[in-house]
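Next come two complexes built around subunit A: one with subunit B, the other with subunit C.
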Partner chain A sequence: MNLRSLRRATRVLRAYPTLLRVGFAGVMAYRAEMLVWMLTTTMPLVSLALWTAVSSRAPVGKFGPADFTAYFLAILIVRQLTSSWLVWELNAEIKSGALSQRLLKPMHPLFLFSADNLAAIPIRSLLCLPLALVLLFATGDRIPRDPTTLALVAVALLGAWLLNFLVSALIGALAFVMESSTAIFEVYLAAFSIFAGYLVPIELFPPTLRAVSEALPFRYTLALPAELLTGLLDPARALPQLAVQWAYVLGALVATTLAWRAGIRRFAAFGG
Partner chain B sequence: MRYLRLLLTQIRISLALGMQYRWEFLLGGGLTVVWTLISLVPLHIAFSGRPPIEGWTYERALVVVGWFTLLKGVLDGAVNPSLIRVVEQIRQGTLDFTLLKPADAQFLVSTAKFEVWKVVDVTAALAIFTYAFSRLGRAPAVVDVAVALAMLGAATLVLYSLWILVIAAAFWVVRLDNLAYLFNSLFDFARWPVTMFSGIWRVIFTVVIPLALMTTYPALALLGALPPRTGLLSVGGALLFAVVARVVWRRAIAHYTSASS
Partner chain C sequence: MGRVSQIQVAGFCYPPVPLMAPAQSVVVKGLSKVYQVHERGAGLTASLRSLFHRRYRAVQAVQDLSFSIAPGERVGFLGPNGAGKTTTLKVLSGLLHPTEGEVLVSGFVPQRRQVEFLKQITLVMGQKQQLLWDLPPVETFALNRAIYDIEERTFKQTLDELTTLLDIGTIAQKPTRQLSLGERMKCELAAALLHRPQVLFLDEPTIGLDVSMQLTVREFIHSYNERHGATVILTSHYMDDVAALCPRVIVIDHGRLRYDGSLPDLVRSVNPHKQIALRTSAPLDRAALERVGAVVALDAARAVLQVPRAALHEAVAHLLGRPEVTDLTVEDPPLEEVMRAFFARPTAEQEAAP
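Moving on, here comes the complex of A and B:
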C-alpha cells in the first residue's frame, strides 16, 4: 500500500515538467484571454492611486502615501503569483464534458489543473511583476533582507497559492451538483475584496472587523504574504498566522478531495 | 407603443418567476444589508474624522456610495441577467429563436429577464441617501432631485451600453467570464468620487469607462452642485455611447453564425 502510493507520487512528479510545458503551450494559445486577465490584475494600481490621494494631506492611521504605495504593489505582486481562475475553467469543462479527457489521464485532475495554473504564472506576470518589483524596491528599505523573513515570505506565498487553488477547486466542484457555481464564487470574491485586504489594508479596519478578518480564510490568501513582504507584519508575529494559514490549507485539501470524489461519481460526461 | 407592451409583458413574466423564489428574496435582502454596511468600511476609513479630500466630506461621499448601490441594483437587476443569457444562447445557437421573432433583437435580449428582488438594493440606496442628508441637516431640493433622476437615466443608459459592448464581444470570443470580471472590478471603483483620482485614472474613469457619469455626477446633482454644462455633456455622452453600442451590436449580429450544426 505504502509502496504503491509512493510509486504513484513519483510518477506524478516525473510527469509534472511535461504538464507544465503543455500548460504553457495552452496559455500561449489563448493570448487574448490572458491580456484581459493581465488588465484585471492591475486593479491594485487603481487602489494605489486612490489611497495615495487620500493620504496625501494627512496619513490614514499609520499609513502615509509611501506606505500605501508599497502595500498595494505588494498586493499586486502576491495576487499575480497566487491567483487562480479554476472556478470558471471547471464550470466550463464540467458543463461541456471536456473534463472527461482529463479523467482519462492516470492522475488526479487537480494535478493537471495545478500544472496549468503554474505554467501561466510567467506570462501572467510578464506585464506587471518586474515593474512592481522594481517600484517596491524603490520605496525604500521596507523589503525584508534577512533570509529567515524571506523564507517566511516564500512559505506564506506557497500557502496562499495552495489555499487559493484549493478553494477554487472546491467552489468549482460545486458545478458537479448545481448548474453553475460562478454565482457563489462572486459572493466569495466580494467577501475576498474586503477581508483579504485587497481594497484596504486590514490594519486600518476597526478592531472587531479586524478580528473577524483574522479568523476568516481570506486574509491568508493575500494580505499575509503582502504584509510580510512590506515589513508591516513582524516576523515573530507571523508564525502563529502562518500556522493558521496552513491549517486552512489542510482543511481545504481535505474538503476539496472529498468534494471531488463525490462529484466525479456524479459526473456523467455530457455530450461524450 | 408595441415595444412598451412587450416590455410590460417581459417584466410581468420576470415578476411571476421571481415570486416563486421568495426565500431568495429574504436571503438576498439580508446579504444586501450586510454587504452595504461592509462596503462602507473603506469609505469610513478614508473620510471619518479626517480632512475632506478634493472637497468631498464623509456625508457627500456617502451620497456617491448611495448612487453606487442604486446603480449596482440596476446592473444586477435589470441589465446583467438578460445579457448574461445571451452569451449562453450564442454558444448553444439558441439565439436563432430570438432573431426569428418579429421584434428588434437587441430589445428582446435586453429585456429577457429582470431580477425583481434587486429592489432591495434600491431601498438600501434610499436609506443611505436619507442618512447622508440627515447628517448634512437638509433635504435635497426638488429641482435637484429631478436633475438627479435625469442623470440616473443617463447613467443607466451608459451602463447598459457598456454591457452591450461586452456582450457583443461574445460573438467573437467564446468565453466572457474574465471580461465580465474585469468590468465588475472596474465598476467597483464607482463607489468613490471620481475627482479623488488623479492623472490618468481620472481621464479613464471620466471618458473611457465613464464611472464619473454613473455615480459622481448624479451625486453632485442631488447635492445641487452639478455644473449645468457637465450635466448636458454627460447626457450627450450617454446618447453617444448608446449609439456606438447599437452600431457595434448590429455588426456583431451580422457576424453571428448559428452554432447549431
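Moving on, here comes the complex of A and C:
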C-alpha cells in the first residue's frame, strides 16, 4: 500500500461515521418504504411453511420440522442483514445521469452507497429480532454459544454482505454499457435462489449438485452464515469454506473496480 | 502526467498540489467530443430489427474547441440548445472523457478525477440537484464536510458566510422537498461551495427562477468570485445573467467556437447600431428624422430611430436641440435579438463552401 492509498483510506475512515449518520437519517425518512421493501423478502417463510409440512410425517434427509424452521429463519435473518439493492439504484442513476453528482465528489461512489446500505442495518435488525428470538427459543438448543463459532459467524456475515454488495455493484455497473442491467440481475437471482440455499437447504442436494453449489459463489452470500448459525456446519469444516468466501470477495472487488473504471470512461452523463 | 508540474515516483504523486499556481485556470486545446448514439426507429419492426442489428451514429458534440481562461475570470458560454455548452462543461469537470484534444483545469487533467482536482472545482447544474430530497439541506452540508474532508473550523466559517450571503438560515433546516425552487437553488449553491472551490462551473444556475431570485443568485455568484478570486464559467439561457456577470463570452454553435471576447464587442459586431427612443410633445417630420437615422417607429408622441454607433453623438446633439423632444434614451437592441441575428449568420466555414 503506498502513501496515497493510505491517505485515501484514512480520509474514508474519517468521513464514514458522518456518511453512516446521514444515511441513517435518510433511512428514517423512508422508513415506511423500507418496511415494505423488507417484507418483499418473505420467500423463506413460504419455504419454511412448505418444508415443515412435508417433514411433519417423516424427516426429509436429516431435516425434521424444527430443523427446517431453524434453517429458514436463519436464512431470512442473513438475507435481511446482507442483501443489497444497489443494482436498481445504480441502474436508475446511470440512466438518468444522477450519478454525475456522485462522480464529482472526491470519494468513490461505492463508499457512499455502502454507507447507505450499512446505515439501514439497525432498522433491518429490528425486524429480525423477533425472528431471532423464535430461532433461539423455539427450535431447540442449536445456536452456537462458544465465542470461536460466533466469531466465525460474524466473519461469514461480513463476507456475505461484501460479496452481495460487490456483485450488486458489478452487475449494476453493466448499465454503463447496456440499456438496463436489472435483467441480468434477475438471471443472477434465479441461480441464487437455487444455489444459495434460498429455497432448499443445500444439505438436501444430491452430492454432485452440492459440489457444484460449493464451487459457485452463491452459497457464500447466504447459506454459509446461516448453516454456521444453526449448527448445520461444523466450525472446523467452515474454515476452508470461509477461505473460498473471502477469495470470492477479493475477486469481486477486483472485477468491480475494473468494471467501474471502464464504465466511467464510457459514462455519457446523460440527461442534460 | 496528471499535472503540468508533477514528479512521479513509483506510483506516488508529489506534490499533492501543483508547484506553482498555474498561469491559466482553464486551458482547452483542440477539444473534440463525439457521442455514439444508438439509433432506432419507432414501432415494433424497428424494435425487433434493433435487437439483432444495432445502428450507431456518431454525433459530434464539440469540434476543435480551443480557448483559455485566466484565474478569477468570469466567462459566459453562449449558444443555442445542443450547441455543446453542457458537453464542454462536463469535459472540464471531468465527467466526460474528451475524444480528442487537451484539457487542463487548475493544472490538472480533469478526466483523471484526482482527489486534489475534485476539491478545487464544483459543478452546479440547475436541472440536477445534489441535495438529499427528504432531509434538510444541513444534512447534505454535513455529508459534504465529511466527503471533502473540511476542517471543522473552516467549515463553520464558510457555512456562516454562505448562510448570511444567501439568507438560508432557516430554510436549510427544512426538508428539501418542502422548499421552493429558488430556496432549493440557494441551498444547492451553498452545498456546492462549502469546500471553497477555485473553479466554478455553473450550468443554467438560474433556470426556472423568478426575476428577483435570478438577481439574488447573480449577485451571490459575483460576490463569491470577488471574495475568493474564483474562476466562474457559466451557461445560461437568460441573456441578462450573462450580460450582468460575464465580461467575457465564448459563443459555441454546432460544437464550434464562433466568438471569444467581450459581450459589448460582440453586440457591436453583430449590430453596429444604437437605438434612440424619443418622447415628443408634437409629431416630428419623418423626412427630417430620416436624415438622422433609420426610423423604426413613429407616432404622435413617440419615435424610435436606429443610428450607426459612429454617428450617435451628432444625432443625439441634433435631436436634443429640437424643441418637440421632451425625453431621449439611448439603448442597445435586446440581447436576445442580437444573438438571434448572430446565429442566423452563416459561419466562416459555410461562407467558404461553394
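The criterion applied here is as follows: the second predicted complex is superposed on the first by the 258 of 272 C-alpha atoms of A that agree within 3 Å, B and C clash if a C-alpha of one lies under 4 Å from a C-alpha of the other, contacts with A are read in each partner's own complex, and residues count from 1 in each chain.
Assume contacts are C-beta pairs under 8 Å (C-beta built on N, C-alpha and C of every residue); 3 or more make two chains touch, one makes a residue touch a chain.
Only a predicted model underlies this, so the values are computations on that prediction, with no experimental measurement involved.
J.: Would you check which partner chain A:L6 touches, where first means subunit B only, second means subunit C only, and both and neither mean what they say?
T.: neither
J.: Let me test your reading of the model: by the given contact rule, A:L103 touches which partner, first (subunit B), second (subunit C), both or neither?
T.: second
J.: With the two structures laid over each other on chain A, which partner does A:L239 touch: subunit B (first), subunit C (second), both, or neither?
T.: It touches nothing on subunit B or subunit C.
J.: Should A:V54 be classified as contacting the first partner (subunit B), the second (subunit C), both, or neither?
T.: The answer is first: A:V54 touches subunit B but not subunit C.
J.: Mind working out whether A:A247 is in touch with subunit B, subunit C, both or neither, as first, second, both or neither?
T.: neither
J.: Using the touch definition from the top, say if A:G26 reaches subunit B (first), subunit C (second), both or neither.
T.: Only subunit C; A:G26 stays clear of subunit B.
J.: Between subunit B (first) and subunit C (second), which does A:R265 come into contact with in this model arrangement: first, second, both, or neither?
T.: A:R265 sits against subunit C, while subunit B stays out of touch.
J.: State whether A:A183 touches subunit B only (first), subunit C only (second), both chains, or neither.
T.: neither
J.: Going by the contact rule set out above, which residues of subunit A touch subunit B in the complex?
T.: Against subunit B, the touching part of subunit A is residues 32-33, 36-37, 39-40, 43, 46, 49-51, 53-54, 57-58, 60-61, 85, 88, 92, 182, 186-187, 190, 193-194, 199-200, 204-206, 209.
J.: Which residues of subunit C touch subunit A once you look at their complex with the stated criterion?
T.: Counting only subunit C, the residues touching subunit A are 10-13, 35, 86, 90, 93-97, 111, 113, 115-116, 118-119, 121-123, 125, 127-130, 132, 134-135, 139-140, 142-149, 175.
J.: List the residues on subunit B that touch subunit A in their complex, please.
T.: 31, 35, 38-39, 41-42, 44-46, 50-51, 53-54, 173, 175, 177-179, 181-182, 184-186, 188-189, 192, 196-199, 201
J.: So in the complex, the part of subunit A that touches subunit C is made up of which residues?
T.: 2-4, 8, 11, 14-19, 21-22, 25-26, 29-30, 97-98, 100-101, 103-107, 112, 264-265, 267-269, 271-272
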